[in-house]
Each structure stands twice: as C-alpha cells, then as structure tokens.
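The structure appears below as structure tokens.
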Amino acid sequence: MPSSSNDTVAVAVTTGNAPRRGIPPLVRYLAIRLGLTALLMLGVTIVTFTLTNLVPADPVQAALGEQAAANPEIVAKFRAENGLDKPLPVQYITYLGNVLQGDLGTSTQTRQPVAEELAKAFPATIELALSAIVFSALIGIGLGLWAAMKRRKFTDQVIRVVSLIGLSWPTFWLALVVYYVFFFLLGWFPGSGRLSPAAMPPPQVTGLYTVDSLLAGQWSTFGDAVYHLILPASVLALYTIGLLTRFARSAVMEVLDMDYVKAARAKGLPKRKVVLGYVLRGALVPIITVLGLAFGSLLSGTVLVEKVYSWHGLGEYSFSAATKLDLPAIMGVGLVVGVVYIGLNFLVDVLYGVIDPRVRVS
Amino acid sequence: MSKALLTLDKLSVTYRLPGRGKLTAVNEVNLEVQPRQVVGLVGESGCGKSTLARAVCGLEPISSGSIHYGDVPITKLGMRKRPADQMRIQMVFQNPYASLNPRRTIGSQIADGLRINPDKTTWSVANLLEEVELPAEAQSRFPHQFSGGQRQRIAIARAIASGPELLIGDEPIASLDASLQAKIATLMRKLALESGASLLFISHDLAVVRIIADDVAVMSKGKIVERGPVNDVWSHPQDAYTQRLLAAIPKVDGLGTLPG
Amino acid sequence: MTTDVLATRAKRRRWIKISPSFRTPLAITGMVIALAWVLIAIFSQWIVPFNPLAQDFPRLQPPSAEHLFGTDQVGRDVFSRVLSGASISLPLALMLVAASMILGGVLGAIAGYFGKAVDEVIMRIADLVFAFPTIILAMVIAAALGPSLTNAVIAMLIVSWPAYARVTRSLVMTARNQEYVVAGRLLGNGPFTSLRRDVLPNVISPVFVLAMLDVGTAILLLAGLSFLGLGAVPPTPDWGAMVSDGVQQFSSWWISAFPGLAIFTVVMAFNFIGDSLRDSLDPHTADAVQGRAM
Amino acid sequence: MTETKTGLSIKNLEVTLGTMKEPKQIIHGIDLELIPGQITGLAGESGSGKSMTGLAICGILPENARTGGSIDFGGRNLLKLPERQMNQLRGKEIAMVFQDPTASLHPMINIEGQLTDHLRVHKRLSRKAASARALEVLKLVQVPHPEAALRKYPHQFSGGQLQRIAIAVAVICEPSILIADEPTTALDVTVQAGILRLLRTLCDDLDLAIMLVTHDLGVMSSLADRISIMRQGLIVEEGDRYSILTNPQHDYTKALIDALPRERSEDDDYVDPASVDSSLLDAVELVPVIRDESPSLNDELLGAKIMEDPEERKEESR
Amino acid sequence: TACAGSNSPSNSGGGDGKSLVVDASFDLKTADPNRQYETTGSIVAKSLYETLLSFDGEDVTTPVDGLASYEMNADNTVMTLTMKGDSKFSDGSDVTVDDAVFSLERVQGVKGNPSFLLDGVTVAKTGDDTLTLTSAEPNPALPFILPNPALGVVNQEVVEANGGSNTESDAAEGFLNTESAGSGPYMLESFDAAAEVVFTSNPNYAGDKPAYDRVVLRNVAGPTQKLNVEKGESQVALDLNPDQVAELGSADVKVISNPSRYMIFLLMNQDPAISTVTSDPKFMEAVKNAIDYDKIVDMAGKGSVQPGGVIPSIFVGALDAKEGNARDLDAAKKALSESTYKGEKITLNFPNDITVQGLSLQSVAEAAQAQLAEAGITIELAPAPVATELDAYRDGKETIGLWYWGPDFPDPSNYLVFAPGELVGLRAGWPADGDPAVTTLADAAKAATGDARAAAYEEFQKSLNATGPFIPLLQPAQNVVTSPTVSSVITNPVWTVDLALIK
C-alpha cells in the first residue's frame, strides 16, 4: 500500500456530494444579493415615504411663501405639480415607477431634478468621506499595528490613550475649533468651501474635484482642492482613526498569536515580511469589515462638519431636505445612502474574496 | 433474543452545503444496540460518527430511514421541549471545556440531570460526585475550577444523573491527556453498566475501544463497513478499510516498527 | 475601589467577567472622572452657584472669579449650566444605551437562537435600519414628533438597536451550538429556558462591554442632535445645545468651550472604562464587540 | 551527501517567562543532543515545556522570555546570537513543523508563496528557480499533483496533505535540524502512519537531526531513536527507545506506560470495575484553580504534587 | 450697434478686474427672477436683471425710474410705463416693451411665490415703448411693488427659445439656472443653489460698470462668515448677528448697521377654542406690560430697535418706539391678577432652525420666557423646525407664537394683513368681527392717499397696540461687515444688497 494514498481518504468523504450543475455559484450568489439589495431598497423607500408622510406638516407651507401659500390657486398648482393631490399609495407607486426609470423626482424647494442636485452634493461628501477614510485607514491601521507589536509596552499605552481621546471629541465643536485655530489664528489652511473662490471647478467627470482636476491636468486646482480637504477630512477622520487603531490592534494581536505567524518567524523571514505579508494579511478581513462600517458612519457624520466648512454635500442637503420636508429630496438621499451602504457591503465582500481564498470558493 | 434498545434502519443524514451541494454524512446505516451493551463506533475523522450520534439524540434531521428507540421513533428535536420518552438517551460530548455551562455551579448542572430522572431516589448530587471520584464539596464550584479530566467526569455524572438507558459518548476522551484517556473510558463503561444503561462509545482511538467495548462498528465514508464482537474484529478484520485502520496503529513495543 | 467591588462581585456570580487586568491606571482614571460626573449629575441641583435658567447677569461675560465659565448670550451662568447639564446628558445617554441594549439584545438573541424565518425577519429589519441614513431618520422623527430630548432618544433608539442585535445574534449563534447548550436541551430544556439559563448569561458580558463603549457615542450623538436643533428644548442646559449656542459667538469661546470639554471628558471617561473592560475580556468575545457597527 | 550536517546540543537550558516581578520558570535546565540522521523523541505531559524547548531552539520564544544555559549549533550559542544572524539560521539551518497544519500555514497565501518566500530570502533564488525547487520538494513529500498544488490554497487540502506541505516548507532549504512539534497529533491514525514514514525517510535521506515532540508513546516507539521524558520543565529520564519503553525507571515514565490501554483477556466479557486502576485518579487532590484561560489539560493533576510551596501555588492560581 | 466696446477700462473705484467674495447664509432656490422670492434669490435677481422701476440706494420711500418711467392715474388704477430704451440684454439685443410685458405676465403666469405681487393687475402693451398696468381696485402701492427683483425683465426671445412661456407650462427655470437672460450689471457664470453663485460683469450693461468684474456669492454659516471676513478670505459678510458684530470690535473690518425690514412679534391666540387664557384681554395686557422691550433690543445688539407698531421704522407710517408698548411690571401683575390666568403653563411656539438677520428666534424666546416669569406667567418653549411649525402658525393653531414679518414691498399697506380677519390676523385667531374699531382704522388707512397716509397708519397701529393680539418686539439690525478693501456697500430693505454697487 503506498503510504501517500492514505491522505486522500479524508477528502474522498464528500463522495455523497450531489454533482453541482446549472448556474455557477458565484453568479447565483451575485443574483441573490442583487435581489436582496433591490428588496432592501424597496424597504428603504417605503419606510422613508411613510415616515415623511407621518410628519404632521405640509410641504406646501415649507415651499411656498407667505402670500403664495394663502392663494388657493397657487397651492393647488403646487400640489398638482408635485403629485401631492393624489392618495398616498398612488403617490408612492408613481414615485417608484419614476425611480425605476432613473427619475428621482423634482425637489419641492428648488424645482430641480433631485438626481441632478444629488449629483452635485454627493461627490462633495464622497470626496470628503473618502479622504477621511483613506487618512484614517493609513494612520489607524498603522498605529494599531504598531501598538500590537509593542503590546502592553509604553508605546502601546500611549497609542491607546491617544486613540481613545480621539474617539471622544464632539465633532461639531472640534470642527469649529480646528477651523478657528488652523485657519483663523494660524492661517495654515484655507477657509471654507471646496476650492478657493478664484479657482474654477474642474470639468465634472466624477464630481470629486481632486480626481477631476487630475483628469483635466489642472495641477493648481488639484493642489487647491487637496489643501481645502485637509482640515475637514482630518476632523472627520479623528474619530475613525481612534476606532480603527483600537480595532486594528486587537485584530493584529489575535493574528500574532496564530501558529502561522510563529511558523513564518521560524522560517527566518525578515521582520518586515512577517509583519506585512503574514500578520497584516491575516488581520485584514476583520479590519476591512470595520473599515466598511466606519465609512458608512462617516457618510452620515459629515453633516456636522459640512456645516462649519461650508462643504455643500449630502449632509447639508439631507438636513435641509428633512427640515423643509422636501419629500423627493429626502427619498433621494435615502436611496443614495442605502445604495452606498449596500454597495459598500458588497465591496467589502468582494474584498474578502480577494484577500481570503476560502471565501472565493464557496 | 430480546428487542434491541436502539435500532437504526437504513439511516441517512444529509447536510446541505453552501451553494447547491449536498453531503450525505451518514449513508443508509443499519445499527442495533442491545440493552446493557457497550458498542464502540470507530472510524476516521469526518466519516460521520458525530452526525450519527447527533441524529440519535434528535439533533439532526433524518433524510431517509429511521431511528427507533425501543418502539419510539426519534424525530428532530427542533425548537420544542424534548419529549420525556426520548430523554432516556443522553450524551457526553467531546470537549470537556465546552460541555459545562461556565456560569453555573456543577452541582446545579448535575441536578438538572436528576430532575428528569424518573426514579428520583437512585442518586443524589453528592453520591454521583463520589461515583466519579470527586469530593461532594465540589458541587458548589464552577466548571473553570476543574481540569479537563475532572470536567469530563462531571459531564458523565450529569448524564448518569438523568437515569439514561442509552448513553452516547462522542469522543469523550479525545481531548484528554494520554495518561487519562483509558481511565475515563473505563469509568464511563463502569458507570453505564452499573446504572443499567447501554453505551455507544465513539472514538478514533482504537486501542481504547478495544478494552471497553463489547461490540465494535467500523465506519467509513458514512457507511458502517464492519460490525462484530470487538475481539473478532480485532483479530480477523474482514473489511479492507478495517484492516488498514488496525494496521496503522503504532505499537508501543520499543522496536521502531513503522505502522501501516 | 469600585473596580474591586466589581471584581469581587464577578468572582461570586461571574456574570460579568472582570479580570484583575481591568484595574489599570486608564480604567481607574475613567472611573474617577465618570464617578465625578455622576455625582455632579446627582447633586447638581444643590451645588450649582446660580440658577442655570436665570438670565440675571450681564451677557457674554468672560470667565471670572464670580462666573468661573463666564456668562452666555442671554446672561446665564455657564458654570451652573454645565454642571446641571450633567443631570440631563448622562441619564439620557445611559437610558438610551440600556434601552438599545435590551431591545437589540432581546431581538438579536431571539433571531440568533431560533434562526430561520424569525432570524430573517429580524435581521432584515435591522439591515433596513442600518441602510438608512441615521441623521435623516433622527431628523424626520424629530420633525414628526417635535424636537425634544425624549424624541431624540427615541430616534436614536430606533437606529441603535440593530448594532446590539447583530452582536448578540452572532454571539448567540455561536453559543447555542455550544455543547453545554445542547446538553441542556437533551436534559429537557425548552428553547426559552435554554436561552435564559444557558445562552444569555454567557453572551451578556461582551454585549455589556459594547454598551459601555457606546455610552460615549450616545452622548456624542445626542449632543449632535441637540446641536442641529433636534434635541434639547431651550432653555434646558443640554451640553450639545449649549455648544450650539456658543458656536454662534465663537469669540466668546467660553460659551461653547466648557460644555464641549464637559462632553469630551465624560465621553473619554466612558471610553476608558469600556476599552479597559474589553481588554479584560478574552479575545474571542472582544472580537465580536469590535466587529459591530459604530 | 554533499555536505556533512551539524548536530545541535542543548546544555542546561532554562527558560523563564512572565514579568521581572512575577517570573515563571518554564524550563529548569535541560540537556538534549540532536544528532544528524537520528530522531530524538521528547515526550511528556502537557505543559511540561516540550514546545518551549522547540521554540527556544528556533529563537522564537515569547517576547518576555529570558533564557539561560546554551544551545550549541556549529560552535555558536544560539541563545546569544544576535537577532539578524539568528534569522539567517532560522528556516535555513533549523526548521520547524508545528502540530496543527491547518493553523501553521497562512490561509490566504498560496502554497507556492509559502514554500518559496523564505527559500528566496535564504538562497537568493529567482522566482523561477524557487518554483522549480518547490515542485521538487512537493514530490519528495509525496503531495499528489504537485504542479497544481503550488497554486492552491491551504483550505483545498486535507490535514495529512497539509502536514506534508508543512514538512516541505521546513525542508526546502535543506536544514540540518528539524523540530517537529507533535506533527501527527491532529491527524487520523491512517494518515499519521504516512507522515511517520515520511519523517523517517527524510531523516535518513537528508541526514536530518530531528527533534520529535509527542506525547503519544506509540509514535515514539515507531520513530524515535532516543527518547527523553520531560515533566515540569525537567528531563526526568533519557535513553534509547527500547530501554525507556520496556524498562522505565522514573515514576512518571512508569505512570505513562501504565496508562496505556492494556488488552483484556479473551474470556471476560466485562471489565471488572474494581480492576480499573484508579490510583492516578485518587491521587488527584482537588485544588480549585481560578483562571480565565483554559488550563493546560493535565498540569493541575500533577502540578499539585510538584509544587511544594503552598504560597507559590497561590500565586499561580491568581 | 456699438455697444460691444462699451466696457471701457476707465471706471471708477479701485476694484478694476478684481473679484469680490460675498458670504451669505443661503435661502436660495432659483436664479429665475420671476420665480424667486427669497432673500438670497433677490440679491441674485437684482444683479442679473433690471426692473421697470427701482429705488435709489437705500431710500425706499420714493420709487425711481428703472427700465421705464411711470405715471399713475388719479384713482390709482392705471399705471402707464414708458420704456427708456437704452438698455440692452447681455446678448446685445435691446430691451423692448414686449420683453417687459412678457416678464410681468410670466410672473403672474407661472403661479410662483412672487405671483401675488401682481394679483389683480392686467398688463397690456399700449405702444412701441409703453405699457399699462391696470387694477380693478385702486393700487397705490404698485410703484413700490415694481422695483421688486422678482419683476425683473427677462429676454423674451431667449427664454422662449428655452422652453419659457408666461403660463404655467413655463419650463425655462432650468435654463435660467445655468445662464442669465437679463440686462442687469452681471451675468451668471455659475449657479449652485446650495453652494455658490458666481457673477461676471455684463459687457452690455447700460449703467455704470460695477467695481468688481467677478463676484462670488457663497453659502457660508454665520460663525464661519465672521472668521472669513476677519481673515480677509471674503470681503463682505451679510449674516452676522449683533453679538458677532460686537466681537469684531478690534478687528480690522468695517460694519454697516441699519435697522432691518423685519419685525419680530409675539402673537396671542384670540380663539377661545385654542386658549381661554390668551384670548383674555387682561392676560394680553399683562403680557404686553411684562415684556422688557429694552432688554430684548439690548440683547439683539447695536442697530436694532423696538418698532413702535407692526410697521418697521424705515417705512412711511411707522410709529415711534416711544408710542409702542413699554414695560410696567406692576401693571402687568395687576392685570394678571384680574385675568383668568391661574398659573398654568402656556406654550410658546417658534421655529428654531431659522435666524432673522443672524439672530436666532430662540434667544428672543428664551428672553421673553424669563421676563414673563418675572410677572408670574409660566411659559413653556416649544421650538420646532420651521417646516413643521409653519403649518400650525398659518392655520392659527398656536397659543402664543413668536414669528417675524418681512414686507413684500416697502409700503405700509403691506401691514394691513395684521388687521382682524386678514392673513396674519386670522393666524392669531382674530376673526373679521374681532375688533370693529381696528377694522375701521385699517380701512381708513387703506383708503388714505398722499400725506394723509402716514397719520392713518399710525392711528391703525396705535389701536392695534392697545387691543390687538400682536406684540411687536424687535426690529433687528441689518449688519453688513466688510473688509477694509471695500469702501462702500449699500443696503436696501427690498433686495438686501446690490452687488453692483459694492465698491
């Protein structure tokens, strides 16, 4: 009996396995996910719609001026224009039908297509949140890794205290303090807005000024955009840095205890290779999960920073939509954030697959 | 011949795998356990031993065939309370660190077993502890205050407390230190038989099965390939797989013979 | 001192596992600060030098011996307001966290233990709330029910329970397959007995630690809502609302700086405690706590 | 054989863990000789310091470890060697195989990566050359379909195959010393038999000095040339395989051999409960231990006997 | 035509070719002049479009010629406008009488917020350069209405080419949000209702070339505006509240403070179904006497005043503050003891997410609450987002409300809405027969012409002060803060600020 054949027995146990036929599992998985996503979005729209209509206030009053609101003719026209004269279920179905055709409706405030307004507000927020998350990821994961390597030592304690303190600031206040200090007192950074008033926004491709200016080859605009991003992005990032540092530390620490790290060291690999190739790689899956979640919360956290930095993004848009009962706008924001959230989860799942081959197979 | 205590008739258990696949972990198995008999179930990792044991306890759904406990058919436990007539089947698990609730004293956990014993006068917590060679004072302690071997004895005491007619041990000795394994296994046999129960003892340590079992069943890839009195199987294995299995056991003869 | 009490309690009942490693300088600092604030919250009525609502003083006075933290834009003593603010923000944040923990914990435990359809329904609802922009929900609820701290808490409760549900669910899903839970079922425990006796006590401590870590976040969020005018009703001395007042007059920095610092210190204290607690948990449960949403 | 392999000799090795304030000595001065072409078995109860000895040889003890004595390899004391030089020896001259192959291979790096990364560092080979060498070694350890295996990931293999791969990782740089820490404990007997054969073959063909850690006396008996028995950080008995297994001198060794399942005589159906040797169980004094981590399986059992100082015991249990 | 070269480089002011940054808190919805009716919208429309009549600088007492000159017939029913004919649209075409007629009809036709300005008015072209506005009722306010930027004249040809019309089917708003089609001093470079509007000077503008070629009007929150202008990041800040202005003291900036056109008032519901307390005249008297007007004005800072009646100080017919309500705590307590009030909590509703000239209504509410408490009246504050609260306010459901009124045009007739049974009167639950005496005076004021108007409106306000449910509290200051490089900014109650006049 050749000894090597013995080992194959364990695998052969799956002989009871039914042959896999039909749609490849990955496609199936994607299809199911997509279906679930659609259902979830449907849920989001229903909830938003119901909630907004529960608000005991009339969008007419919020949208029309004193005199106009007193004029029944104008009010009737406003209602008709915005479909508010129909029963709620009809309004909802109409809305849904339009959304399926890519029409998110028209803002009751500005009478502009919500999709267009979102196309302006969304990239601003994404640019801010993306820079913040990149910033947090680099610093947070770095600090976490460092703390884990020095576990229980002085460095670890210092990093711990610093990251916990970073988690403790009320963003809205910090945003203003930072603006006051770094713009007003020190003058190190430019004031409000995404670009200097003199600068022209680059031709819109993605809506992210940094990316668009690079695409257009406008280096000075790129510099200006980055310069304006630094303060708000750092303020936003502070919380996530703290969060990621703590998280990366414990994820890395767990991996450090794994046999495969011991094995890698026993192989005589250089330290850098062990840390980046083995340790970080092993800790990446949970870190990415948190990164996804953190990005999601960053998106909704921007509202407080956007106010101070005159960063006219999704946060400000949703705030004014909600306070002015701009129903299509609220629904639009709900949809966009929902899509981003689900897209993010999807991205995270895809990344799992890229990082972890075990996920790829099933 | 008296009626079998446990009868498996062409039992199959199938797992659904992620995606479309299915895995038949137990494949048309016939097996009988007689009253007051110790049956050893051996086979390599993943061959379906645990699945079989869990199905007997009603923890896995049966995909075809049947399990009868006396005349009672065993069905999946699901989310209901376990029927009283099935509670005579009890199990001792593999991992002594996971089989006791860390937040409750061992005394109260053994008392859980006593509560369902139809003959409440047979045992008390104290004499059960004594039976597994632990002092009675131990009952007010928590599981983490015991070593693995001690915990496994507590788990046995709890199972015995319920007055089982069939005791199933799913690799109860696998995670214990070598020097303890044989002792715990023998203790289990002793207690089961003393209290009038049968024992289905699952292990991949063939040497231990050999000393405590009356009958042995050899399982491979979801099927039982050989079944018979332990010494017959040991000395005249019929199935090729059993032969290979037995040949692979290293002997402690100090001669440097490589097994297999 | 308090840590010792906790530790001995833990030895007795071990519901919440606190190892001696919890007694670090960090945890003690956190406990001391938190305790101080709790005391202030309890006794604020008696220790404030002035009525926090009275507009008796010249407006916008910088900090002085009489008004340690100055006066605000309508002539109230900021020091008194910051102190009495503790009795508003702290209990609310604690209540909110407790309520989300209970609501999310119970739903998550049921979802995790029973699985199947129950799980699907509960978790899809949780997904829905997750996918929903938090601030919008809070704003719409505040708009619908009118701004008030209670409504802000309700809004936040609606958005915060899923985090607990997820964590509890995943813990329960692991725990329900633990051998001792199965053993209990074999000994005749019904599902609810099993959940209560075998499952929940063993998952409660990570959920509790999560809650501790969340107190800070809850205070920050409540303050954020007040800042947006969706929380505390004036003239309630709520810290978030005070910061909000103050940022209008930023040169009168004391109006926002002191409530801002108050928020900061409380949140920091709870973060210190929560983090130390998490540290003293074993790595696997700590994992689950970390993996939650924020 | 192109080069003569060097052996390794451990003299009075001590390992202390824990903080300076609360030191915890794990190994209390042991001597061990690893000879090329020979398998030295290290047996002993759980927690006796077997793995620590292996880690000490590789120089990958926990960070807070302090060592005493010497580990002499080719005239150099490994314990005193600077980290950089030690790193050049690790993997190249001294290799290690761990107990659980599923845990010791990185789940996210393919087999080729894990086989060749240290090879390329140590031998400065090109990617291609390293790949060719990897294929060669996979054939040597008898992994089926070696070409395809290179691009697979650990989860696509069975435990036995993985352990073969882990052994391949260890021997790819042609080391002199191989430390195998319970290499078959996680495997089935049939698979174990294959690995045992492989280790024997490798030892003979590559002239390796193997240190085999195990607590399975069966494995010891099949493979080890010499056996050392360890307990509580001390080597209590040492000798050639046959004499240790047939004629144990030390009480602990006797107890171990005693604990082996003995055959029943043909004619009795039941084991007489009275005949069960429960002396070991009786000996267990019930000492409550309070710890949060799982105690190692058996140290408490015998620990109670070895710790004379009750105060020390208390310290231990906190 | 020779206008192409009209932008001669020899203009006055030091801002040649420079650009100007103006920070404002936006309430901007559109750049379509005929649809906008918001503060920011007026600033934008004023810069891009010209109106038929206008005001000179900050004086709103006399309408002056704009694109046209006007004549009113004796009974104030027909207004004849004669186009001056020297203006050109930014595309170089002439501004004609057709454009004017089209624009006015468009305001009416689109049924937007400003449509009411021309309610009951018929627009007709009567000649090559004349048009008439005919009203059925006498409409003496019309000359004061026409300068409103909402009545800006758009280029009919361009607007119609882009879907525009003077009916409800008009679809030119989207176009007008990307390009302007007017004859004003500026053209639209870019427009983002949420973020910023950028203007470039109109080469075909007939008037004096503005000092700044490019103006960026940015949406910036109050506190940030202050830091920006102090730092020189922006040159003009429009929405600083008085406290922020006061803090500027030492800073190197200039402050222009004027009383604004807004009037903040309390209303007490007269409908017994809503509250038997607030409809009690004695209770009303108590409240009027309990409010500390001076303290509120003080709190609102420099430049703000107490309006004597509902009409702000800057308009014809305004009452002097001395003739308004005053604090008399004893009288308040006495009146209170005679009232049905038993110490119960009375809610005070107000919108908490808007500011009036940077002043949040919340601080006014808090001050009033504290002052009423001194007289023994317990007030519970009930803030809400304006969208929610407007409903209750406009439906007359509030017990006590704190609101403000901004005039639609600078004429006292605008304030007749406070009379019983009128728009705002009804919001205080004040029915048409609520107080015949006030009604009579209101009718008299409406009918009065010429110099008699001022006196008639004063009488109306006095009786309103005495028995009406409104308590005018405050006319906050309009503060414009500029950096030293800016030498002059002219504010105006109708369009806040004319960007083209900033020097």
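Note that the chains are named A, B, C, D and E in the order they appear, and that numbering of residues resets to 1 at the start of each chain.
Simple rule for what comes next: a contact is a pair of C-beta atoms (placed from the backbone, for glycine too) under 8 Å apart; a residue touches a chain by one contact, two chains touch by 3 or more.
Quick caveat, the model's predicted, so the values are computed rather than measured.
Participant: Can you name the chain that lies farthest from subunit B, using the mean of each chain's Cα atoms as its centre?
Facilitator: Relative to subunit B, the chain whose C-alpha centre sits farthest away is E.
Participant: From the Cα centroids, identify the chain that ends up most central relative to all protein Cα atoms.
Facilitator: A
Participant: Using mean CA coordinates as chain centres, what's the gap between subunit B and subunit E in Å?
Facilitator: Result: the chain centres lie 87 Å from each other.
Participant: Could you tell me the distance, in whole angstrom, between the mean C-alpha positions of subunit B and subunit C?
Facilitator: Using C-alpha averages as centres, the distance is 47 Å.
Participant: Between subunit C and subunit E, what is the separation of their C-alpha centroids in Å?
Facilitator: Taking the average C-alpha coordinate of subunit C and of subunit E, the gap between them is 45 Å.
Participant: In subunit E, which residues are in touch with two or more of the other chains?
Facilitator: Residues 223, 227, 353, 385, 387-388 of subunit E each touch two or more of the other chains.
Participant: Which residue numbers or ranges of subunit D touch two or more of the other chains?
Facilitator: 159, 188, 190-191, 193-194, 197, 290, 292
Participant: Which subunit B residues sit where two or more other chains touch them?
Facilitator: 44-45, 244, 248, 260, in rising order.
Participant: How about subunit A: which of its residues touch subunit E in the complex?
Facilitator: 55-59, 61-62, 64-71, 73-74, 77, 109-112, 117, 120-121, 176, 179-180, 183-184, 187, 190-193, 197-198, 201, 307-310, 312, 316-317, 320, 322-325
Participant: What does subunit A use to touch subunit D in their complex?
Facilitator: 3-4, 6-11, 258-260, 262-271, 273, 277-278, 281-282, 355-358, 361
Participant: Which residues of subunit C touch subunit B in the complex?
Facilitator: These residues of subunit C touch subunit B: 13-15, 114, 178-191, 197-198, 201-202.
Participant: With touch defined as at the start, can you tell me which subunit C residues reach subunit A in the complex?
Facilitator: Of all residues in subunit C, those touching subunit A are 26, 124, 127-128, 130-137, 139-141, 143-144, 216, 220, 223-224, 227-228, 240, 243-244, 247, 250, 256, 260, 263-265, 267-268, 271-272, 275, 278, 283, 286-287, 290-294.
Participant: In their shared complex, at which residues does subunit E touch subunit A?
Facilitator: 19, 21, 23, 29-30, 35, 37-38, 111-116, 119, 168, 173-174, 177, 190, 192-196, 216, 218-221, 223-224, 227-228, 230-231, 233-234, 353, 385-391, 394, 408, 423
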